[in-house]
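Got some structures for you, see below.
Each of the next two complexes has chain A plus one more chain, namely chain B in the first and chain C in the second.
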Partner chain A sequence: MTDVALEAAALALEDTQRRPWRVLFAAAWSQHRTKIGLGITALLVGTAIVGQFVTPYPPDQGVANQLPFAPPSSDVWLGTDTLGRDVFSRFLAGGLSVLVLSGIATALGMVLGVAVGLVAAYSRGKLDDVLMRSMDVLLSLPQIVFALVLAATVGPELWLLVVAVGVTTMPRAARVTRGAAVEVVERDFVRAAEAIGLPRRRILFSEVLPNISSPLIVETTLRMSFNVAVVAGLSFLGFGLQPPAADWGLMINENKNGLTLQPWPVLLPVIAIALLTIGTSLIGDGLSRAAIGIERGRTSRG
Partner chain B sequence: MHGITGFVVRRVLLGLVTLWVTSVVIFAATQALPGDAARSILGRSATPESLAELRRQLGLDKPILTQYWEWISGIFTGDLGTSLANSLPVTEIMGERLVYSFFLMLIAAIISVPLGIALGAISARRRDGAFDQTTSIATLGLAALPEFVVGITLAVIFSTTVFHVLPSVIVTEPGVGPWNYPKELVLPVVTLVIAVVPYTARIMRASTVEILESDFVEMARLKGLPERRVLWRHAVPNALAPTFQVTALNLAYLAGGIVVVEAVFNYPGIGLLLIDSVRARDMPTVQAIALLIAALYVVLNLLADLGTILVSPRLRTSLE
Partner chain C sequence: MSTETPAETGAQTPALELVDLRVEIDYGHREDIVDGIAFSVAAGEVLSLVGESGSGKTTIGLAVLGHTRRGARITSGEVRIEGRDILSLPPLERQRLRGRLVSYVPQDPAAALNPALRIETQLEETLSSHGFGSSDDRRARIAETLAEVLLPGDSAFLHRYPHQLSGGQQQRVALAMAFANRPRVIVLDEPTTGLDVTTQAHVLETVRALCAAHGVAAVYVSHDLAVVATLASRVAVMYGGRLVELGPTGTLFQVAAHPYTRRLVEAIPELSGQHALVGIPGTAPRPGQRPAGCFFEPRCTFAVARCRAEFPPVDQVAPGHEVRCWERDRVLADSLAARPQAVPLPDVSADRSLVLVQEIDAAHGPRQVLFGVGVVVRPHECVALVGESGSGKTTLARCIAGLHSNYDGEISFRGRPLPPGARTRDPETRREIQYVFQSPYSSLNPRKSIGQIIGQPLRLFFDLGGREVRSRTAEVLETVQLSASVVERFPHHLSGGERQRVAIARALVANPQLLICDEVTSALDVSVQAAIVDLLADLQRELGLGLLFVTHNLALIRTIAHEVVVMSNGRIVERGLVDDVLDRPQAEYTKKLLSDTPSLEAAIAASRV
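Coming up: the complex of A and B.
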């Protein structure tokens, strides 16, 4: 790893004290893993967004004169799926749902979690205990199990999936926020803001929040990576998008039994989901190393 | 109360409270939500009479607190209710499935915990060397992959397209234990191991690196002890404490992981039962499995906290 670059970024800290995230991105960018991660992620996000407009065949209809599980040919480049639909078209059209659903869920979870964590860190005492213990309760069910319990009651609805993944992201975000904010709320500028009588909401969101932006950016990236896996997993289990929609997770579910006849309708989405989770977690790892490097630079220089 | 006993008592009480609140959450999510289980089972075309009859059968006509009380008191007497899918007691349906799931998790844990610890310790010893670099990249990549992606990739490689050496689905007979299917167990176990090892290895590496830089390890080296002995006898035991926490969390995470892994390999454990029950809207079974998984998490966390206290002399004395 390039410690020199981290040092340089840490030295630049004084000038950019007001925009810690700029320093963070600069230090993260200096590492190969961040660039590779961004490259992979950009490629897949690009495919997911543009893909649906350039499908060679309609993704939800069978191709004329093609049997189910037809092998790749000049007509259908990667063959057909269990219902005789073009695999490549379904792949191109099937990425957006995973990205949008996990993106909204992550945003929802981070907003809720940051709010809970900030209030807990600032109020301390009883409220802090109650808030963080209730976060522990939510942690005791794995994300997928929580989503399945809700799906049993309401059915496989997309809004429900987003709420389930978002609500289970919240306690994890709250822990990180509280951990980072606990030390910030003790600093002089918060005391000063209290002394001049700023309202509590102002103190939390304009004084404390900007000072914990680095750990929160790292956490958001890592949560996004996890949530892509959870959302794709739920769709694979049949509790995400419903047929005949084109969706990577659903594609794997529908074509799993034809693996020996035609591996492409399973392999293509599997590879895409694998690359997407690896790409986002590489970015997360690059950011987190950068944040640690900056923190070290700061403490070692007093 | 002070000392270790006080700590243990407080910690156990906290675990019980967490579990109780979790039971309320599960109950609220399945029975008290505005959606009506009877209607969702019978569909929109159901007659009011059949709806009322089913509601009476499910106990949905009683006050919500009574329903909760009947459910939670049933758990203490070993009565988890009756499955809506096949009218058998939930305990009976879960019995053999539990054996299958626990066996799968146990084998996965027995392999992955020592493997993760060893990988982490060796990486720390050869810090920034080729082994460390490779492990670091491999664990980062593998940790990111969802279990179903790993499972299906393994199935593609070992049982369908590339080689035909291992079965990718398990077909069991009633009354036959999971240990009778060693070949069928390989892929599910390997999938779970791949899901857990990266986390254990990474935390173990980080904590061993820290310990190897500490004074007492330097002392042991200055005494002229061989490096191998310094690592395994002095550094590793002291690096285990943080690893305990992460390992416990990951074993609890295995409980979530088995849901997906069992679905991939059609393995007849409680994970597959949960999915089937969710599809069939079999609420009593869903509630029972969810509570069981939550209990597993709470117990493992409790054990991790107690284990941390036991292996860290500093923490132990600070409580006394």
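Coming up: the complex of A and C.
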């Protein structure tokens, strides 16, 4: 879809639709990239949720009469892994943990980051500086290293992995929130709310927040796609689910030595994680293009 | 609409001629923005294109340059400059003509100048990109044009950046750039909208002098008829993408043959204040939403059956005066009748004060903006606070509203001292003082429905249930003359005037004692401005509100205010009853402000002589 056509479509939608976020989703949906992204993501999320109930074999036990690293056959469609367990069953059962952990971590990071960013943008002055500079400090720590340090001190706990990823997501979310909110808090409707004495909390959450929903929706999808890779990486390093549980990250780690003998137990989770990242990125990309199109359409109509 | 060139320029080719121009936009399906546009402008003449927002005047202005906005396209017609149709030229060649044969002065000079380049570089580029002479020639021309627009041509000035100049100076630089190559045609798109009256008067004088001196044909796009009356010799009135009337300025403003032109004239505030200010009800149709017959029919008081069926053709009233109206004879007969007289203001009992500001000093950061300013507003009284931008009038209004707390001195409200800052005041006081902001585009939360926006103060101040909120909202919408169905809509669905009514409704539901209106009409079209001022005057009369009316437009205050306070540079320079101050100004500053305010009456009087 060309830019001009997208703007025009967004404009026409704005006139008929009541809810602004519906306009965003509709304009995003009008692009092929969003549809493809949603398709890929839906396929993988569906696999992860339904998969564990339809495994041909128990995912954490060896298949009888099968050697480790057995090649694909009619019994075991994608062969067996390092301990002789069915690769396809482990793949079906192993997606949920990656998805749930990165989902919770993203939600946690966005909630914290949005709160910090809103307060910083509205308060200005010293509080703004203190908040945003401490976000910068957090931002300077690589996500993986930060998680490793935490895991090394506390031990490999799932809640710790979520906290580590969530906390490192926070500064990025805070920056985007502050950047978008700084312009909104200067507008007169915020002055109007102050003049009638609306509590600060309500000014932030009911006046300012809805006006930055577009960049935040975009940011959430991008952080999600990033965090899928981080969570999978951390569980590859052994800080996620522990053996014998089925998990995509763990599968890559366990089977990497047999890559030349039997590539499927490594390849399958790698492809799945890559597709999940690409799918969520495409959605984020479609949403962000739609947001820009709506904004341009609005200003060109003047 | 075709027209003959004015008799005095004779039979020679007009400098600019538009023939049956049509511009379309692609909304998924194609709609015309403007259609059937035809007029001509002689060398040295200023033709003004007037109309409400969205009437297509800027579209035509750009089309004269052979240009359109994104998504739009010129689909038929000709733009002839000195007899040559520039639309038939290849795009690259057309582009080369811009700035040389035809140039453009935009509304916002800050947007037209490159903030990273010095003034000299920008002017130099304008000339060198069209291959103008040697560098010495160019330097001489730059000095010449700067002198023409009354700017200093010394190297200190030439080395400045745009942000180091005032708004008026920036607009003069934009004018210098437009005139530097001695174009044949120039398009000025509301170039004085953001400027103070004094600066505006100077810029207009410069435009007039330059066009006359160099024989440039000018198209002046504007919605301010008072400005147009002082500048243009002929006026073309646009409505809904069509030219509805075209004629000499004096004729059009006295004996308009189109009902729309007449309503526009009646909407202009006059310094003399003899006539009532009458707005035009309804809104102008957007492309795709235009009625079947005459586009003005739904808002027209003269409409007959034929108007609903067919768009009227071009009809000549007199040589050089053309109109598109079926009922033009009735309109003409009627326009000679008297205009409605202004309603006298109610008397004010002068004993107690509603709000009393005593000798306050206020600062924005380190810069002091108010110096010992005092104002009194009594109950049921309207006080106008007048001054140019930077005079401190908005700061004073915001101090009273509790939006600016950095001041020394005392403000008391109904006899009790008012703490600075809205948060430190009790809810009752916050309810009794309400503020309406300048721009309704920024004062309404775009993500809230009108019902939510108006419901917010109701819930906060009165602790009402859903049903009660709905019925009060419906009541107040009726008071501000909006249909009850807007509660479901969002601000972007409404026009500027409708949004400002919503903002006023939001202030009124709180049942205030004092309403502060900060330049509430400056972001609106003239016709809408009249309706809003009319509404405020009615409300003030009926509800007995104390009203502090902040404005830069002296012509507006006669119809609404009892008293006027004139401010300049953070100090009060004159105060008194409106009639006294406007008829017998004492302070030099007030006199200057009055003489610089463009006036339709004065212009018409001058054209009669």
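In this section, the second predicted complex is superposed on the first by the 289 of 302 C-alpha atoms of A that agree within 3 Å, B and C clash if a C-alpha of one lies under 4 Å from a C-alpha of the other, contacts with A are read in each partner's own complex, and residues count from 1 in each chain.
Keep in mind that, in the parts below, a residue touches a chain if its C-beta (ideal position, glycine included) is under 8 Å from a C-beta of that chain, and two chains touch if they have at least 3 such contacts.
These numbers come from a predicted model, not from an experiment.
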**Message:** Which partner chains sit in contact with A:R187 here, chain B, chain C, both or neither? Use first/second/both/neither.
**Reply:** second
**Message:** Looking at A:P58, would you say it contacts chain B, chain C, both, or neither? Reply first, second, both or neither.
**Reply:** neither
**Request:** Tell me which of chain B and chain C touches more residues of chain A.
**Result:** B
**Asked** Thinking of the overlay built on chain A, is A:L198 touched by chain B (first), by chain C (second), by both, or by neither?
**Response** second
**Asked** Which partner does A:P210 contact after superposing on A: first (chain B), second (chain C), both, neither?
**Response** second
**Message:** Just to be sure I read the superposition right, which of the two partners does A:G103 touch: chain B = first, chain C = second, or both, or neither?
**Reply:** neither
**Complete:** Residue positions on chain A within touch of chain C in the complex are 4-5, 7-9, 11-12, 14-15, 18, 20, 187-189, 191-198, 207, 210-211, 213, 298, 300
**Message:** Show me the residue ranges of chain A that touch chain B in the complex, using the header's touch definition.
**Reply:** 33, 133-134, 136-145, 148-155, 225, 229-230, 232-233, 236-239, 252, 256, 259-260, 263, 266-267, 270, 273-274, 277-278, 280-282, 285
**Message:** Quick check: in the complex, which residue numbers of chain C touch chain A?
**Reply:** 25-28, 69-71, 401-403, 422-423, 425, 427, 430-431, 434-435, 437-439, 442-449, 456-457, 460-461, 488-490, 492-493, 506, 510
**Request:** Using the touch definition up top, name the residues of chain B that touch chain A in the complex.
**Result:** 14, 17-19, 21-22, 25-26, 29-30, 33, 35, 37, 40, 140-141, 143-149, 152-153, 155-156, 160-161, 168, 252-253, 255-257, 259-260, 263-264, 274-275, 277-279, 281-283, 286-287, 289-290, 293-294, 297-298
